[in-house]
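To keep things clear, I will list the structure first and then write my remarks on it.
Letters A, B, C, D and E name the chains as they come in the text, with residue numbers starting at 1 for each one.
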Amino acid sequence: MPFTYTPSAADWGRVAPELVIAGGGLLLLVADLLLPSARKGWLAWLSLAVLLGGFAATITLFVVGDSSEAFAGMVTDDWLALVGNLIILSAGFLAVLLSPGYIERQEVTQRGEYYALLLFAVSGMLLLVSATNFMTIFLGVEILSLALYILSAFIAGRSKSQEAGMKYFLLSSFASGFLLYGMALIYGSTGTTGLSKMNTFLTAHAPKLTQGVFGNDFGPMLVVGLGLLAVGFAFKVSAIPFHAWTPDVYEGAPTSITAFMSAGTKAAAFIALARTFMVALHPVGTSWSGIFWAIAIVTMVGGNILAATQTNVKRMLAYSSIAHAGYILVGVVLNNSVGLASVLFYLGAYTFMNIGAFAVVLALERSAGQGTELSDYAGLSKRQPVLAGVMALFLLALAGFPGTAGFPAKWYVFYGAITSGHLELAIIGLLASVLGFFYYLRVIWAMYFTEGREPGSARSGTMATEVRERELAAAGSVSSSRRSGRSAQTATSKTTPARKAQQGEKGATLRLPVGAWLALVLCALVTIGLGIYPSGLIELARHAATLLP
Amino acid sequence: MIHFPLLSVIIFLPLVAGALVLVLPRGWAKPWALFWAIIDVVLAIILTASFDVNANRLQFVESIPNWIPGFGVGYSVGVDGISIFLVGLTTLISAVAIGASLWSINTRVKEYLALMLLLEAGVLGVFLATNLFLFYVFWEVMLIPAYFLIGTWGGPRRVYAAIKFVLYTAAGSLLMLVGIITLGVLHQFHGGPHGTFTLDLVQLAQTPLSNTEQIWLFLAFFAAFAVKVGLVPLHSWLPDAYTEAPTPVTIMLSGVMTKTAAYGFLRFCIGLFPGATHTLVPLMEILAVVSILYGAVLALVQSDFKRLIAYSSISHLGVVMLGLFALNTQGIEGGVLQMVNHGITITALFLIAGYMELRTGTRKIEDFGGQALRWPALAIVFLIAALSSLGLPGLNSFAGEFVTLLGVFRANVVYGVLGTLVVIPAAWYLLRFFQGIMQGPAPERGPVVAAERKGVAKDLDLNELAVLLPLLVLIFVIGLAPGQFTSAMDRSVHALPGVQQTQAPPALAHEPSRDNSRIRPAPLQQQVNQPYVLVFNRGV
Amino acid sequence: MHITGTTIAFLVLAVTATFSGLGVILFRNAVYSALSLILNLFSLALFFLVLNSLFLAVVQVLIYTGAIMVLFLFVVTMLAPDPSDTTEQRDPIRWQKGAAAGLGVILAGGVSYLLFITTLSPAAKASAEDSLSRMIDKVGSIQAFGLALFHGFLFPFEVTSVLLVVGLIGALVLGRRASRD
Amino acid sequence: MPPDQPTGYLIVSAVLFTIGVMGVLTRRNPLIQFMSIELMLNAVNLSFITFAHYLDSVDGWIFTFLVLTVAAAEVVVGLAIIVSIFRSRHNIDVDELNSMKG
Amino acid sequence: MQVFDLTWLVLLLPLLGFLIVGSLRLSGWYTNNEMITWIGCGAIALAFIFALISYLTLVNSATQASDSVFWRWVQSGSLHITFGLRLDALSGVMLLVVTGVGLLIHIYSAGYMHDDPGYWRYYSFLNFFIFAMVLLVSADNFLFLLVGWALVGLASYLLIGFWYQRPSAANAAKKAFVVNVIGDFGLMLAIFLLFIKFGTLAYGGSSGVSGILFTDAGGTAAAPAAFALNDPMIIAITLLIFVGCVAKSAQLPLHVWLPDAMEGPTPVSALIHAATMVTAGVYLVARTSNLFNQAPASLWVVAGIGGATALFAATIGLVQNDIKRILAYSTISQLGYMFLAEGVGNYAAGIFHLTTHAYFKALLFMCAGAVIHALGGEQDIRKMGGLRQKLPWTYWLFLVGGLAIAGIVPLSGFWSKDGILSTLLALGIAPGGNLWYLVLYGVGLLTALLTGFYIFRLIFVVFHGAYRGGEPVPQPEGQVDTRARQRRRGDPLARVHEAPWIMLVPMLILAFLSVVGGAYGTPWADVLGQFLAPVLGSSFSLEQFIPQGGWLWVSFGVGVAAGLLGILGAWWMYVRRVPSLKPMKNPLYQLFLHKYWVDELYDWVLVKPIVGTGRLANRVVEGSLLDGGGRGLAWLVGKTSVGFRAVQSGYVRNYALIFLVGAVLILLYYIARP
């Protein structure tokens, strides 16, 4: 068919969300040129409009879509893709909401390019989740990666940002090489790069593989391909030991991008991973699930252990995202529909709670990346009770406490594990999350149980002195925070909650633009909403997972 | 059938009141919280009053089966003869704790009250949930407010205590989570091809489980409950948390939260895994005995009186555990009664300890002496609480302990004897406590003298007494008529699997007329002038 | 072993490719590395020719050797007046190279071993209607490529435009900023 | 080398891939690391072309073509990042880029 | 005649007194001591009257017991316990003793405690004690017996620690309570066993313990069908019951609390620690006589402990110097007599001695109280002497009491004590009699001799000879301040005078009872024994307890002679010779003086190890092991974390290396996978 297939209009319709977003990105570039510099603030709203358009397209596809492949098996609009679209669009939406005040504070001037790249990254992710061919998967990965390299390095004056961009670029390209090599070898084994054909081929010929690697024709090459592909995907989802880029990039990148990356990339990569392994390579599940089994365990335990002693909150959240990748991988290991549904649900829940947490980090971050240390959170509950409250909510959600989205997410994953006979994963995962409590609660502890402002009032030993020292060090950055306050004021004047919160304190000035508040509120509402009534998303995920037996 | 959702209202009333307290003016917060806490008590009383003691099924059941159909989970609550008293206890102790907060908590009052009410809601939910998912949700909901309450309003080592508390309990609960899911899955598998995943307690109870499965599941639940109830050697968090938490929070922790664990043992470990329970009874009883004796010996040597009470709590909860795992009517009914009693008594003790700490700023017994002279009223209530705690016959704890230990004794004489031994060290350390504070020569210097000079070390005032009063009344009421409680439990306890029905002693086996049902309390002042039947050989 | 022209070409190209590849990572001077890479890419283009992919061989030479490597060389010369590796600085992680070498040997050996014991599955071969060789025979190599690109693979081909736009913007953003600094 | 099997090409591809990997692992100059990555991509391309030839399938060709495009885009962005860093630091030793660790 | 059962009023009135007196003070409108005296004494007086009415109607009725059930206390499965009161011969006698002696001591206290600031507290506690004691003796089942049993312990605790600011008093109170709790522990276990064995905790009625013991299968007392003699269960029950008795009645080896309990006010010692509470053990053995009869082995234990305690305590009493402690050891010794009697089956003799002992020991304590009162709180007999002239009434009353306890004919003590001794003799010489009866008889006799000695040593040292102390400073007993007392020239006793009438009148009444109280228990007219007989089962008949032929007279003679010999010895040592009160080097003396080092033994064997274990556990287990273990785990996680973070070196190529490690591991997995 490759030589004869002619794309139809329906094919283009099935990629409507991708088209809307990518077109929106181009539109934004044009708008950037046309808008006078005083009106650049509109770019954010325009991006939001584009993303809403993406939502509309996705929802339209939910209703009228036929869940079938387009462009000769290149992409699909099945529910797995559509649910992924929703998650990614949400991540993008939230990231855009968070951006305006923040990027001004970080003295980013090229706002048009920023939003355009964000949208292109979103389009890459959308492509990735709907891709049903190694080519489109590869292209999706590369589009989002390229956009994110640039976005990570976006803050010109910040060497950490550049370092992040550089590291991300080098390592991600390196990993892409592995991914690609894996694709090549699997292509060599199965004769196709299309996932559905691959599935058909493997269903017919996989029984040979169960006899072992050796003694059959394509087996050894296939498993090398599987391994290399797994490595490539594991890098993208930042699973240990392919995680090393994550903390550095997350720390160095602009926080709005970190937030977006942590949720969006993860979701897109996981869905592509799920589609590749759980759907296409389902017949050879026994050959790859062992790898993910080990990776999942190492990631759950290692991510939590590594996070345990972090003092930089942003970095801590990076490690926590590694740990969460481990939990999600549990769903992948299962290689069945429950596992797939749990992966989807987890990603949906994770997006909101994690972006929410990063949103608070962002709100507290001063220029030049200051203000993300644990000591900067000391006594936050007194200075910023609302921010501290929602941060506590997100952290508890990440820790998996009931009443928040994190609980049904963990429940689903571990329910899947147990019902599929992987009790050990459930036990290890849950014990690892006890470690998780430790560091999540440490942030809460800093916010609620320590006194940030008055030296000498903090009670417990080493931490208190540390807090004081950091406070002294932070005194130097007062001028910058004043500047950021002013610029934030220009962005919006409707900062009632922030102002209200501000009245309780004397020194610090912190005003969040309305977009950031909106994002925080959205994240908080969804986090609680999914905690109390997760059924809607569960049903979506379950429907999407009917791809699998 | 639509009826007034009384149980849900009881659970969620504190939650809503707690949320609303955040938006109230600061001055209204305390009366508001107290008001709703008391309303909850009233509702609990209404619930108790309309409870049908002659039915062994769950009552006031509310069910929304399609809460999360994807998980096979519904919202369902219900109450039986066991949980009803614990609900009453919880509402009462919560109201007392909030009442005690009126003057002892003055920083960030709104957050504090919101968390207290949330904690209350969590505990109530645990007692009333009849779905394991819901149960687990409430179980964890208890944890967070407790963490914040200890960590924010606690003493100097509050942070350490709070984190230790959370990590210990969370580790236990997560293992329980594994157990819960596994149980549901097993239910699904054992149900054959049409088996469904469910966590409904009633359905789970009919799951056929092999003994090995039962034992592993039991141990998973055990992890959560044993930590929370403070069974030695998993109790390490308990003294720290009790000591460092502010008094009202300590009350909530010791008075009601530990009961959730004991209740969990009864409802889930015993209720769902009778086979494993039967196998593991020696383990449980030995741990209980160790807790009893170890807690008692450690209580003997503490100089910090909150710590002393904490260890006494470990010891006394050991008795509860011992009773529950006696697996007979008296053991379990006594155990549940003893839960209520322990809640009342430990609350009174901690309240009094809190009063004393608030006055003097110290918790060291050595700093006190001869305070009965200056604090006669406090001395009296203290003595009553201490006597209740040491199990003085005629007071509440005795009733509970007696019935419990009788049950234990019937089940196993050795555990019975070792459990009964608790009364000796209990008397010792509690009187040491009382003597150290209230008796002996007054100190010549130190914080107590300083407080007296400042004029803050006054005797009990009426507000403080008012908070204590319901507890004191209950100490006597339950002591004098515990039968009201045990008989209401009878049906529910007998509905538990594996519980030995009481049999007539062997010597009487041939007397069919000695039927329980026939024995009714005699009307007041009935003269039983029957001829005395003793015959003596002197005349023979 | 039956020695044919293809075999000889293979052996020569394999040796060239391997050594030029080694040159890329072993030359101290980045310019030499770049030149070595050009040689390597060129030998790969010849491989492509041997494997009947005329169009890609040409594209390989044009894009890689012609465009990409020129860019590389430009940057190399621009950035480093003394383009040698900064050897005067002590390597902060000296065990890295040894470990890398060890792992590299295992990787190459392991993958090669597994590939060596592999035979392509006949079932994986394209069906008659999808057969590349038939299409080449029918319309010619480059035409076949074009047919595929604009029919079955139209979508990925179109998607690359987004990719290129992103690259463009990236160069713009980073370059403009660099020039302003 | 069994006749009609691509084993030789595949092994060359594997070796080249490994050489690329080694380059990333051992060199401190990001440009050379980057070149090594290009080497890896090209090694994969060789595999693709080999498979296309031996499987008689056009997918490999197209994939190679896409990789080429991607490589071009990557080079643009990568070199821009490297240049941008050089502008601000006047040093491109990647070992210097370790302000974030742990 | 119908029984006019007013037991509930007897129970209720002291409770009301307690509550009213207590709440008067607490509510703040407490004004004077007089009101409290009236309420406190009035309640007991009424209770005594009602007890008397009930008793008299019971005596004149054909009914042997009246049982009033009030409410269901608990029902749990087959466990069914009601709160009820029982009036029968035994509880009737006990009620009279308790309320009667109690009333006298209430009155006496009005004088004795007049100046104490805790007067209200004292009366409320005292009323509470009477309430508890009434509950103990009139409860109709074992559970409420236990309730009363513990409540009297509480009352005792409160009253011993009445002067709570004195550390010695507080410690003594705690000690008394804890030792009593050991007894409660035994009793509780006994009750559990009883329930398991009998399925009921009631004493009487067809469904009560006694009923089951004797009506089973139409059995008779001689051959109760369901229970064999020395059934192990019954032995266990009875021994555990006896553990309770041993603790409550201060028998070996749990006697240690009673001497310390003398820290309480003297009237309290008279009432609780001599006349009533400590005899609860004797009452309980009598109450459960049917059980004990089924377990002769237990009875031997009772007899053995009783005899041993009698002798043991008497020897200690010989050398003590604290006037109240001498009386305390005397009490222990006399209680030993009672158990001796019960141990050989003569429960009635035990109860008889209980009543007479209540009279004369209360009298002795009151007299001692009068002396202490007069001397401003002095209790050391070495600092007394020659008080006969200053306190003539007290002296004579003390003498009456002393003669009674020494068993001098015809005072009450003679009849009761000789009843016991002659019982032993009778059983010993009876055909087929056990030699151990004679051994116990010997012990009893020796004790009688020692009793005469120590009590008259006390009398002679305190009332005869010359005064050896300083000038007493009048102050309440509780606030002894020896430093304030200074020697003056001239008569130090110039200001010492006799006790007021309100103290003397009760003493006179008791003295009267001590003289004539034996009249209802003579071998010829054993009114009490006959009356109690329906309640107290025994394997012997009352006649068997009376030595036949001339042996009764022999017994009388020997008993009186022993008492006289003791008195003579005391006279010889403390009147005839100059009394030497210096400590002697004699090891036996040291042994007695240090009370056989029993306290020290307990301290070393029990208290120190337990507290030491606790301290050790607190430090090692709680601190190092558990807390340290938790911290260690956290430390380990932290170290691991830091170690892993070191791998995260920040170098790109290092990251790539980690990456490659993962990839190679996967590759190796595929190569190695079979």
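Descriptive notes on the structure:
Everything below uses one rule, namely that a residue touches a chain if its C-beta (ideal position, glycine included) is under 8 Å from a C-beta of that chain, and two chains touch if they have at least 3 such contacts.
None of these values were measured; they are calculated from a predicted model.
The set of chains in contact with chain B as well as chain D comprises A, E. For chain C, the chain with the farthest CA centroid is E. If each chain is reduced to the centroid of its CA atoms, chain B and chain C end up 72 Å from each other. Each chain gets a centre from the mean of its Cα atoms; for chain A and chain D, those two points are 26 Å apart. Distance between chain centres (mean CA atoms), chain B to chain E: 36 Å. As a whole-number value, the distance joining the C-alpha centres of chain A and chain B reads 44 Å. Shared contact sites, meaning residues of chain A that touch two or more other chains, fall at 2-3, 135, 139, 142, 146, 149-150, 153, 156, 166-167, 170, 174, 188, 191-192, 213, 220-221, 223-224, 247-248, 438. Taken residue by residue, chain C touches two or more other chains at 92, 96, 100, 103-104, 107, 111, 114-115, 118-120, 124-126, 130, 135, 144, 148, 152-153, 156, 160, 163, 166-167, 170, 173-174, 177, 181, whereas all remaining positions touch fewer.
For chain E, residues that reach two or more other chains under the stated contact definition are 645, 648-654, 656-657, 660-661, 663, 667, 670. Contacting chain pairs in the structure are A-B, A-C, A-D, A-E, B-E, C-D, C-E, D-E.
Remark: chain B residues 66-71, 111, 133, 136-141, 143-144, 147-148, 151-152, 156-160, 162-163, 166-167, 170-171, 174-175, 177-178, 181-182, 184-185, 188, 197 touch chain A in the complex. Only residues 341, 385, 396, 401-403, 407-408, 411-412, 414-415, 418-419, 423, 426-427, 430-431, 433-434, 437-438, 441-442, 444-445, 448-450, 459-460, 533-535, 538-539, 541-542 of chain A touch chain B when the two sit together in their complex.
Residues 1-7, 11, 15, 22, 25-26, 29, 70-72, 74-75, 110, 113, 116-117, 120, 123-124, 127, 133, 135-136, 139-140, 142-143, 146-147, 149-150, 153-154, 156, 188-192, 201, 204-205, 213-214, 217-221, 223-224 of chain A are the ones touching chain C in the complex. Residues 111, 114-115, 117-126, 129-130, 135, 144, 147-148, 151-156, 159-160, 162-163, 165-167, 169-170, 172-174, 176-177, 181 of chain C are the ones touching chain A in the complex. Interface residues of chain D, counted against chain A in their complex, comprise 6, 10, 17, 20-21, 24, 30, 33-34, 37, 40-41, 43-44, 47-48, 50-51, 54-55, 57-60, 62-63, 66-67, 70, 73-74, 77-78, 81-82, 84-85, 88-89, 94, 97-102.
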